[in-house]
Amino acid sequence: MAELIDELRWKKFPVLNDGFVCLVDVMGDDGSVVQAARVSYGAGTRQVSDDRTLIRYLMRHRHSTPFEMAEIKFLVRVPMDCWRQWIRHRTANVNEYSTRYSVAIEAMQATEPTEWRTQAESNRQGSGSPLPEDVGRQLSEDEVAFQRAARDLYEHRLSVGVAREQARKDLPLCTYTEAYWKIDLHNLLHFLALRMDSHAQAEIRDYATTIGEQIVRPLFPLVWEAFCDYRAEGMTLTRLDIGVIQRLQQRILQLPAGAKPGDDDFLAVQDEAWRPLTRSRERDECRQKLQRLGILPL
Amino acid sequence: MAELIDELRWKKFPVLNDGFVCLVDVMGDDGSVVQAARVSYGAGTRQVSDDRTLIRYLMRHRHSTPFEMAEIKFLVRVPMDCWRQWIRHRTANVNEYSTRYSVAIEAMQATEPTEWRTQAESNRQGSGSPLPEDVGRQLSEDEVAFQRAARDLYEHRLSVGVAREQARKDLPLCTYTEAYWKIDLHNLLHFLALRMDSHAQAEIRDYATTIGEQIVRPLFPLVWEAFCDYRAEGMTLTRLDIGVIQRLQQRILQLPAGAKPGDDDFLAVQDEAWRPLTRSRERDECRQKLQRLGILPL
Amino acid sequence: MAELIDELRWKKFPVLNDGFVCLVDVMGDDGSVVQAARVSYGAGTRQVSDDRTLIRYLMRHRHSTPFEMAEIKFLVRVPMDCWRQWIRHRTANVNEYSTRYSVAIEAMQATEPTEWRTQAESNRQGSGSPLPEDVGRQLSEDEVAFQRAARDLYEHRLSVGVAREQARKDLPLCTYTEAYWKIDLHNLLHFLALRMDSHAQAEIRDYATTIGEQIVRPLFPLVWEAFCDYRAEGMTLTRLDIGVIQRLQQRILQLPAGAKPGDDDFLAVQDEAWRPLTRSRERDECRQKLQRLGILPL
Amino acid sequence: MAELIDELRWKKFPVLNDGFVCLVDVMGDDGSVVQAARVSYGAGTRQVSDDRTLIRYLMRHRHSTPFEMAEIKFLVRVPMDCWRQWIRHRTANVNEYSTRYSVAIEAMQATEPTEWRTQAESNRQGSGSPLPEDVGRQLSEDEVAFQRAARDLYEHRLSVGVAREQARKDLPLCTYTEAYWKIDLHNLLHFLALRMDSHAQAEIRDYATTIGEQIVRPLFPLVWEAFCDYRAEGMTLTRLDIGVIQRLQQRILQLPAGAKPGDDDFLAVQDEAWRPLTRSRERDECRQKLQRLGILPL
C-alpha cells in the first residue's frame, strides 16, 4: 500500500488541454472503513464477515459514516468555469490559487475544432452531437484570438499599475486555476456519483472519471467495487414504478411461452396519474427502466 | 398558509410517555422550492411545468438544493438515549436544555409492561416481538423503582452542594431533555428517510413519524407526496439485482401461460458470486425485492 | 416587525453598476436568539437579565448556537468574480442561476474611469490609491470594447448551435450571476466580519456592507449592536502583545506627569523574539494596536 | 516525523478513571499548512518568509483554510455524559460504539471522595471548590452502589431477553463509550480552544488538554506554538474596553512618577452605559482585563 501511494503521489493525470489531477496525500484504505465499522457493530462482526462482505453491506445499506474515516487530498488544475461547479460541493477543504496575491495562471482551456458540441434537444442543460468540423474550425480560431486578446488586456492593466484583484475581472471563465482539495471518502464518492454521471458536463466528468478510475480505484479497490455495483450502476425504482412492474408482471405470466409484452401492455398498466397525459417525462423514465431490466423489449 | 402555521405553532404532538414535538417556526412552503429551482433552471421552465411536476422532477432526480431553501424549527422533548441518535445528524442547528445551568428535567421515559421487546434474531441491532406481559410487568416495576432511586440520588447530591454539572453524571439515559432543533427541508427529509425506516429504533421512529406526518405533510403537501413516492416507498436495485432480473425475465417469457417462476428459477439465474455461498445476505435481499416487485411469488 | 419585513422584502438595494441584494425571507428576530438561549440556560436567566443584556453576553462570550436559530434568505446579483469569493463560505444554502439551462445574464460589471485602483504596496493582496483619471478613462474604454466583443462571441456561438454549457466558457469573470442565498444569522455575521473588513476586496465589501447595514441592522437591532461592539470594532491581543503592554505600563507609571512614552520605550520592552529582527510584521502590528489604544502616541 | 507518528499511534493516554485518547492516524504536519498556504499566496511568499513566520501570520490573521489541510484521527473512550458535549462539534467524522449491536461497555466513570465539587457561586454553569472529604466519601460509596445496581438491572434485562437497544435505556450517563473521531486541524484547534478553557467542565477539559499537549503539540509544533500565543493565551478587547483604555491612559499620563491608578480612575472613565448600573458583568470583565494587562493594579 505504501508503495502504491508513493507511486501515485504527485503523478499528474492530464485532463483537458492543460489541466490535471494528482494525489497529494491519503489517510486510510479499505481497512480503515472496516476498522471504523467494527467499533460500531462490535466484536461480533469480526467472525462472521470478511472485509469485502462488510464493506459491501455498508455501501448497500448506505451506512455512510465508516466511509468518512478515509481522507484524500488532491492538487487539481481546472478551468474556473469547471471549478464553479466543483466548489458547490461544500463538504471539502479547499485552498485555491489566489489571483489577488499572484498573477493569474497563463493558461486557458482551448477547444479543438472537433470538440464543439450542439445544444441537446431533449435535455435543456446538456450537450448533443458534435458540430460539423468546418464550423468548429472557425469557432476554435475565434477562440484563440479572443483568449489572446483577453490575456493582453489583463497584462496591459497590470503593466499600467492596476491592482491584481481588479485587473482579473475580465479574465475568461476558461482560465485555469489550481487548488488543493481535501475530502473524506464518503463525500468524494458522492461527488463522483454526481459528476461521473452522464448528465454532468463533459469537462467535470473528465475530471471525476480520472479521479475515480486512476486514483480511488487502486487506493480503495473493495470500496470502489461496491460503489460501482450499488451506486454508479444501480437503479432507483419509485413507488409508481413498482406498481407498474407488479401489474405488468401479472400480464406477462398470462402470455403464452415465447410471447413478449409490448408497449400497449405497458400503457395498460401505467400509473393512473399518467394516463390522461399525452407527454409524461415520468412515464418515459419508467419505460426506460423497464427496458433496461429486460421487462420490456428495447 | 399563515392560518395553518398559526394553528400548528406550539401545538405539542405527544410522543412516548412524556415527550413531544412542536413546530416553532417555518420559512417557506412548496412554493419556495419552486422559486429557488426556477432561478437555476431559468424562465423557460415556467411555461412547461406546473409546481407539482417541477417538485416531483427535482425529488426524483435528487436535485437537492431547492429543498434546502425551506427551513423548519422545532421544540422537542426527547429521552437522552434517543437524543444521542438524533444529534448524529450534523446539519441541524441545536440549542439543548443545559443540565449545567439548570436542574435536570424531572421526567424519564417509562416503559409499559406490554412494551418490552425481545432481541431480534435476524438483525443484530433491532427488536423482535414483545416479551410476555408477566415478564414485562416485573421489568416495569423494577424500572419505576430504579428511576426513583436515580432521581433521589441526583437530588441528594444537589442538596449537599454538589455542582449540577457533576451531580448529573449518573442520571439514566432515559431522562428527558429538551431542545430547539432547526434544519432545512432537504436535510429534514434525509433524517426522516433514515429514522422513519423500519430499521430505526422504535422510539426515534415515533418522533420521526410524528414530525413527518403531523407537521411536514400539511406544511409541504407536494414535497411530502414526492418524498413518499420516490424515497420512502421506493426501492434501490443494484447492478447484481438488475442482472438477476434480466436473466429471470428471459426464463419467465418461456413459461407457458399461467405458470409461475419458482425459487429454483431464481437460484438458476443468481449472481455467480453468490452461487458457492450457502448463506448470502445479498441474495436474500435480492429475493425479497423480486417478491415485492411481483416477479417472484411470495 | 411584520411591517418592517414587508417593507424590506424584495426591495433591491443596488450594489456596483448593475448588482443588487434583496431580502427574500427571514425566520426570527432578536427574540429568537433569546428564546433559544433560554432553553439552554434555563428559567433562571429570565429574571436576572433582559434581552439586550443576554444577547450581549452571548456575543461577547462567543456562545454562537443561539444566533444560529435565526435564518435569512437573500436574492443577490453579483459579478462571477465576486461570487467566487462569496461561495467559499460553505455554511449557506445556494441556488444559482444556471448558464447551462439559460442564456447568460446580459450584464457585466463596468468600471468607471475614476474607479481603477493601483496595487497596494504594503499588502500583496490589496488595492492602493486610485489611478490617474486619464489612465482610467482609457482603461474603461478598453473594457467596454472588450466586454462587447466577449458578449458578441458568446452570442455568435449560440447562434451557430453551440451548447449553452460550452458557449459560456469564455465569458469574462465580471459577468453577473444571480442566486438565492440562505444562511443562519451566526454564519452571516461571520461572513460580514470577514467581508466588511478593510482587507476584503472593495466589490464584496460593498455587498457585505449593504447586507449588514441595510438589512441585518434593522431586522436584528440588538444583535447588530453587539456585533459591532464586540466583533467588528473590537481588537485581539496576542500573548506577546499582552507582555509588551504589561512591561510598557510599568515604564509609563515611572514617567513624570505629562510625559509621554516614545517608540524607544516600545522597543525597549518589545518581545525578545522580535529584538534581533530589522523588520517584523508582528512588531508593527503590535505598535499599531498600542497606538489605537492610546498607550503609544500616534 | 514517521518515527514520531509510529511512537504515538495507538498509545493510550489515560484520562479519568478508565478513559483514554489515542492517535490512530494523521495526515500532514506543519509543512502541510505551509504547502496549502503557498498555493493561495503564490510563489512570492516562498522567498520572503520561512515556515514558522508564515504559520504565525496565518494563525494571527485567522486565515483558517490552510489549517484544514491536516487531518487527525483518534480513538477515544469517554463517559457518555462527556460525549454529549463532545459530539456538539459538528465538523468531525464519528463512528461510535453501538449499544444496539453490542453489550454496553462494562465501565463507568467513578468519582474519588476528593473529587466532588461544589456549585460555583459566580458562574451558574461551573464548579467551585471541592466538597469536604467526609461528605465526598459518602457520595462515592453511594455512587459505587448505584452504579452496581444500574449494571445489574441492565444485565438482568438482557438475561430475560430484552433487546439491547431497549435494555440500555436506564444506563447512567457516566457509562463509558468509545468512538473513532476524525477532524481537520483547524476545527480541532477550535474544539481545543473551547474545551481547554477554564469555563469548560473539568472532565472534557482533561480530554482536550491531553489531546492538545500529548498529541497535537508534538505532531504540529509550530502550529501549536502559534495557537497558544494567539488564541489560547490571547485576549479580546471590545469597542467599549478600547474606549476605557484610551481614556484611562490619558489620566495615567497625568499621574506623577510612581503613582498608580485606582478603581476610582477606572470608574471615572467607564463606559457611559455602565455608569448607572450597580452591577455590570461587562464592567467587571473589563476591569479584569485591565488588571491582567497591568493597566490597573490587581
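The first chain written gets the first letter, and so on, giving A, B, C and D; residue counts start at 1 in each chain.
Note that in this section contacts are C-beta pairs under 8 Å (C-beta built on N, C-alpha and C of every residue); 3 or more make two chains touch, one makes a residue touch a chain.
Worth saying up front: this structure is predicted, and the values here are computed from it rather than measured.
Counting C-beta pairs in contact, the pair that comes out ahead of the other among A-C and A-B is A-C. Of all chains, A has its CA centroid at the greatest distance from the CA centroid of chain D.
With centres set at the average Cα position, the gap from chain A to chain C is 33 Å.
Chain B and chain C have Cα centroids separated by 39 Å.
Rounded to a whole number, the gap between the C-alpha centres of chain A and chain B is 29 angstrom.
Touching of two or more other chains is recorded for residues 41, 44, 94, 98, 101, 124-125 of chain D. Chain B contributes residues 79-81, 84, 87-88, 90-91, 94, 98, 100-101, 109, 111, 116-120, 124-128, 131, 135, 139, 142-143, 146-147, 149-150, 153, 156-157, 160-166, 168-174, 201 to its touches with chain D in the complex. Interface residues of chain B facing chain A in the complex, by the touch rule stated above, are 41, 44-45, 56-57, 60, 124-125, 228-230, 233-242, 245-247, 249-250, 252-260, 281-282, 285, 292-295. Contact residues on chain A toward chain D in their complex (touch as defined above): 25-28, 32, 35-37, 39-45, 65-66, 68-69, 71, 73, 75, 93-98, 101-102, 178-180, 182, 184.
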